[in-house]
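Look at the two complexes coming up: chain A is in both, with chain B in one and chain C in the other.
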Partner chain A sequence: MLPQQSTATLFIDTGSWVQQLHPFTKLSYILLTGVTVYLGLSGWKYTCLFLLVNAVIVASARVLKQTFHTLGRIMLPLLLFMIPIHGFLYPENKTVLLDAYGMTLYQEGLVYAITTLSKLTMVLMASLLFVFTTHPADLITALSHAGKSPSLAYLLGSPLLLLAGMRERIETIQSAQRARGMQTEGNVVRRFCSLAPMILPLVIGAIVEVEQRSIALEVRGFKSTSAKTSLRILSDSTVQRLARWLMLLTGAAIILFRLIS
Partner chain B sequence: MFKLETNLLTYHYPESEKPALHDISISIPAGEFIAVIGANNSGKSTLCYALAGVVPHLYHGKMKGSVLIDGTNNNNRTVSEIALHVGLVLQVPGSQMSGVRFTVFEEVAFGLENRGVPREKMRERVETVLALMDLQEYATRSPYQLSGGQQQRLALATVLAVDPTILVLDEPTTFLDPQGAKLVFDTLQQLQQQGKTIVVTEQRLDLIAGYADRVLAFDKGHLVMDGRPREVLTSPKIQSINLNWTRYTQVADLARQKGLWPRDLPLSASLFETVDGLSHRRKTHAHSR
Partner chain C sequence: MSLSKRFKEDFTTTTIALMSIAIVINIVAGQLVSMLKLPIFLDSIGTVLVGLLAGPWAGGLTGLLTNLIWGMITSPVAAAFSPVAMAIGIAAGLCAKYGLFKTWWLAIISGVIIAVFNAVVAVPIRLYMFGGITGSGADFITSYMLALGKDLFGSVVVTVFTSNLVDKVVTAVLAWSIVKALPLRITGRLPRAKCVVTAA
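Now for the complex of A and B:
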């Protein structure tokens, strides 16, 4: 049963085949992508192939628009920053591509920047695929099923919900401070000055809430030593388990090969 | 059905010189509806925590005396074990939420998951509790998108899911309007009728007069009164512990001053008793004429 409106999560309920995959299968894919991109195959052909494969998977997961939108917001500032820095100042620059107005753009720096950015794009793409297609509750359930500590699952899951509560509390405090005549909007100095009267009640409130929540968790059997069960059903299969092992073994083989060579 | 007892219970919070509870001895038979009243810092919440084992298990501090559930000392059980018998509902309903469940349905199931209840049984239990709390239509909603009253009912539902015999509620109506508060008390009464023992702390004396079987009044950690609602709520001592008589008691007192209240009848604490007292006087008056 999925919520009508998720709170502070990036999950998009599309019902695609990627969404139906076990969270660990998708995590294994991120790991394999990272290892392959940074330690395995290199070169333009492979980079393009990987980007294409990732784009096809993202499209079939029906999160293409959201993925490219987020990628754009992350990668564009990096692109604007890295291309000139490396194009002009990369230590191994030799081949001049452009020389104008006293500034020289080199091929080596440009290639290095584009390679770095494309590697990052591929890892980010795989990660965004995971974030957009995995409900946090499924990840928490998967961790619990795997016998991981409930505290670890809590650590991963709680910020997604509690951040929304904190945002609400900030708004309440801001309204209260405004009602008492404090200027919370305007120039940077004014905004900065309004931070302290907001942070103090926020922190104190959070401490009290942590204390209350730890009581609530305890009385609801969170630390109970009996074997836990789960309401959510995670789809898994022999094929997926095999795929996970295959991806992990491939990743390990690439690392080993890299270490030996 | 479990009996709840405290024997000479004294508790100091860590680094506190004054005890939050001082020599409290009470015995609560199964199925009773107990209201605990008192001003702020009178020891009401600490009593709730002690009954649920939160003190001294989680707060530590210094405790003397004992809390017994059906003869077993709380000190010999973990908070999680005690929670199977005593369900604690905290004052702020948002704090009762696990923080790791994304729907109302999952939130109610959280306690059952922790106790290893099989999935099908869990679903049945959650559906029953949601129906009881009138929350079925919100089952797929986030717990954080409910109104104050709905969240309060959800907090109660999370506790009811594991079916404890005793329910301890720490000021459950603090954030509710009068109508919402009445709804919570109606639900508690319904649960009492199903055999649950109810212990609820409350500052709205008007409200408890119509529901409680017995009232315990606390002042600075001491139990100062223990009796039937009419007896405790109409006592002049109420004002000395920084509480006010209910508006019904005030009406009855004024009626007595004006000679409109029967001399042999104690003051009233509820609407029903007030109407009864005033009509009793009219009947006597008409009869003598």
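Now for the complex of A and C:
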């Protein structure tokens, strides 16, 4: 089977300036965002400013539509659960906002729900920016350049290529076991009983292959520590390197400040 | 044995290849379970297996990477829970190390221990990042506990533990039976597998 050309990830190829950035720069941005949101600034003014700035970055990366689509897909169920549950049931509820049909909506719970949701939206937006604009191969290249060991890069990269084959294998096993009379419908007990005949062949088959895989890797000099030339060239600049350090130092400073105060 | 030497022994090429396969198994096992419409996730069976076959460090790393890759292919929310997956792998590895995977009933106890580890790490993340709600069916348990007058922390603890207990026990027992069924040729290559197999 030929290796799949398209990757299984959420990456979208737009060729924008954000995509050209070094993966580590974008990762430090997520880290800084997380630290700032959860330990540093709070208040709706910062939230609005932050969301606006991020929306501009996302738009200039030409993934605005996809980002909002995914944000909606993730945040909508959370919103639908969080607003009523905390609005009605948050333990520190005191101030009544609305009282109708025997249900009471409280202010504290609503504020808590909205604060949590907005923090989550901010972190999610930064992470989506990374996921949408980083080709997995770029991340893997960056990782293998950074560390001497190719293991981590292999562990992040190979599952993406193995996924499709494994999914096909599940279907093969399922039809084979069905042909032998396994029931995949019926009550819970019956469905539980058909779990083992599905999962055991899948996993054992995969583990038996591990031996061949590791021999193949060894033969190709997997554990060799000599420098290897890479087909992909990552663009990195002094400015980016400085920005990365600055973001990491700011994050560390916020954590330190929080620990002291 | 020095730490770096032990590390080298834990991360042989065979182990690396095993971990990469385990990550894929974690991701597709969930698909299999949803096909059978079962009320469990089974998304840590690969992690537990690596914990049994290659030790707690390899198991923890497998869990961590599974959720990070998940974050890249479906939604970054999964990445937020990567420390949880890591704790599961470490717990499984430690249980195996101390002989808690020798028989099927010991595997059940290990499943409970893994569920406890899972709750210890998952509860703070769920509480501080998600306000106790994750937009899934388990939220009904949380809201029920809140309606009974429990505080948010207690409600989330109950929710996380109950919704994971059956899943982790089934995962542990399945992982035990898989290691038992592996041919000696394979387990011989994985030094840690002795923790599980020699009891027979």
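Assume the second predicted complex is superposed on the first by the 232 of 261 C-alpha atoms of A that agree within 3 Å, B and C clash if a C-alpha of one lies under 4 Å from a C-alpha of the other, contacts with A are read in each partner's own complex, and residues count from 1 in each chain.
The rule we apply is simple: contacts are C-beta pairs under 8 Å (C-beta built on N, C-alpha and C of every residue); 3 or more make two chains touch, one makes a residue touch a chain.
On a predicted model such as this, the values are computed, not experimentally measured, just so you know.
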| item | value |
| --- | --- |
| Combined model on chain A: chain C and chain B, fit or clash | fit |
| Partner chain(s) touched by A:P136 [first = chain B, second = chain C, both, neither] | both |
| First, second, both or neither for A:L78, with chain B first and chain C second | second |
| First (chain B), second (chain C), both or neither touched by A:G251 | neither |
| Touched partner set for A:L120, first chain B, second chain C, both or neither | second |
| Following superposition on chain A: angle at chain A, chain B versus chain C, Cα, nearest 10° | 70 |
| First, second, both or neither for A:S214, with chain B first and chain C second | both |
| Touched partner set for A:A153, first chain B, second chain C, both or neither | first |
| Greater chain A contact set [chain C / chain B] | C |
| Partner chain in contact with A:S226 - chain B first, chain C second, else both or neither | first |
| Touching partner for A:L128 - first (chain B), second (chain C), both, neither | second |
| Chain B and chain C, minimum CA distance [Å, superposed model] | 6 |
| Contact residues of chain A, present in both the chain B and the chain C interface | 9, 136, 154, 158, 162, 209, 213-214, 217-218, 222-223 |
| Chain B-facing residues of chain A, complex | 1-7, 9, 135-137, 140, 153-154, 157-158, 161-162, 164-165, 209, 212-224, 226-233 |
| Touch list for chain B against partner chain A, complex | 49, 52, 54, 57-58, 78-80, 82-83, 87-88, 90, 92, 94-103, 105-106, 109-119, 122-123, 126, 139-142, 144-145, 158-159, 162 |
| Parts of chain A lying in touch with chain C, wherever the complex brings them together | 8-11, 38, 70, 73-74, 77-78, 80-82, 85-86, 89-91, 112-113, 116-117, 119-120, 123-124, 127-128, 130-131, 136, 151, 154-156, 158-160, 162-163, 166-167, 170, 174, 184, 188, 191-192, 194-196, 198-200, 202-204, 206-211, 213-214, 217-218, 222-223 |
| Complex contact set, residues of chain C against chain A | 11-14, 16-21, 23-25, 27-29, 31-33, 35-39, 42, 45-46, 49, 61, 65, 68-69, 71-77, 79-80, 128-131, 133-136, 139, 142-143, 146-147, 150-152, 170, 174, 177-178, 181-183, 185-186, 189 |
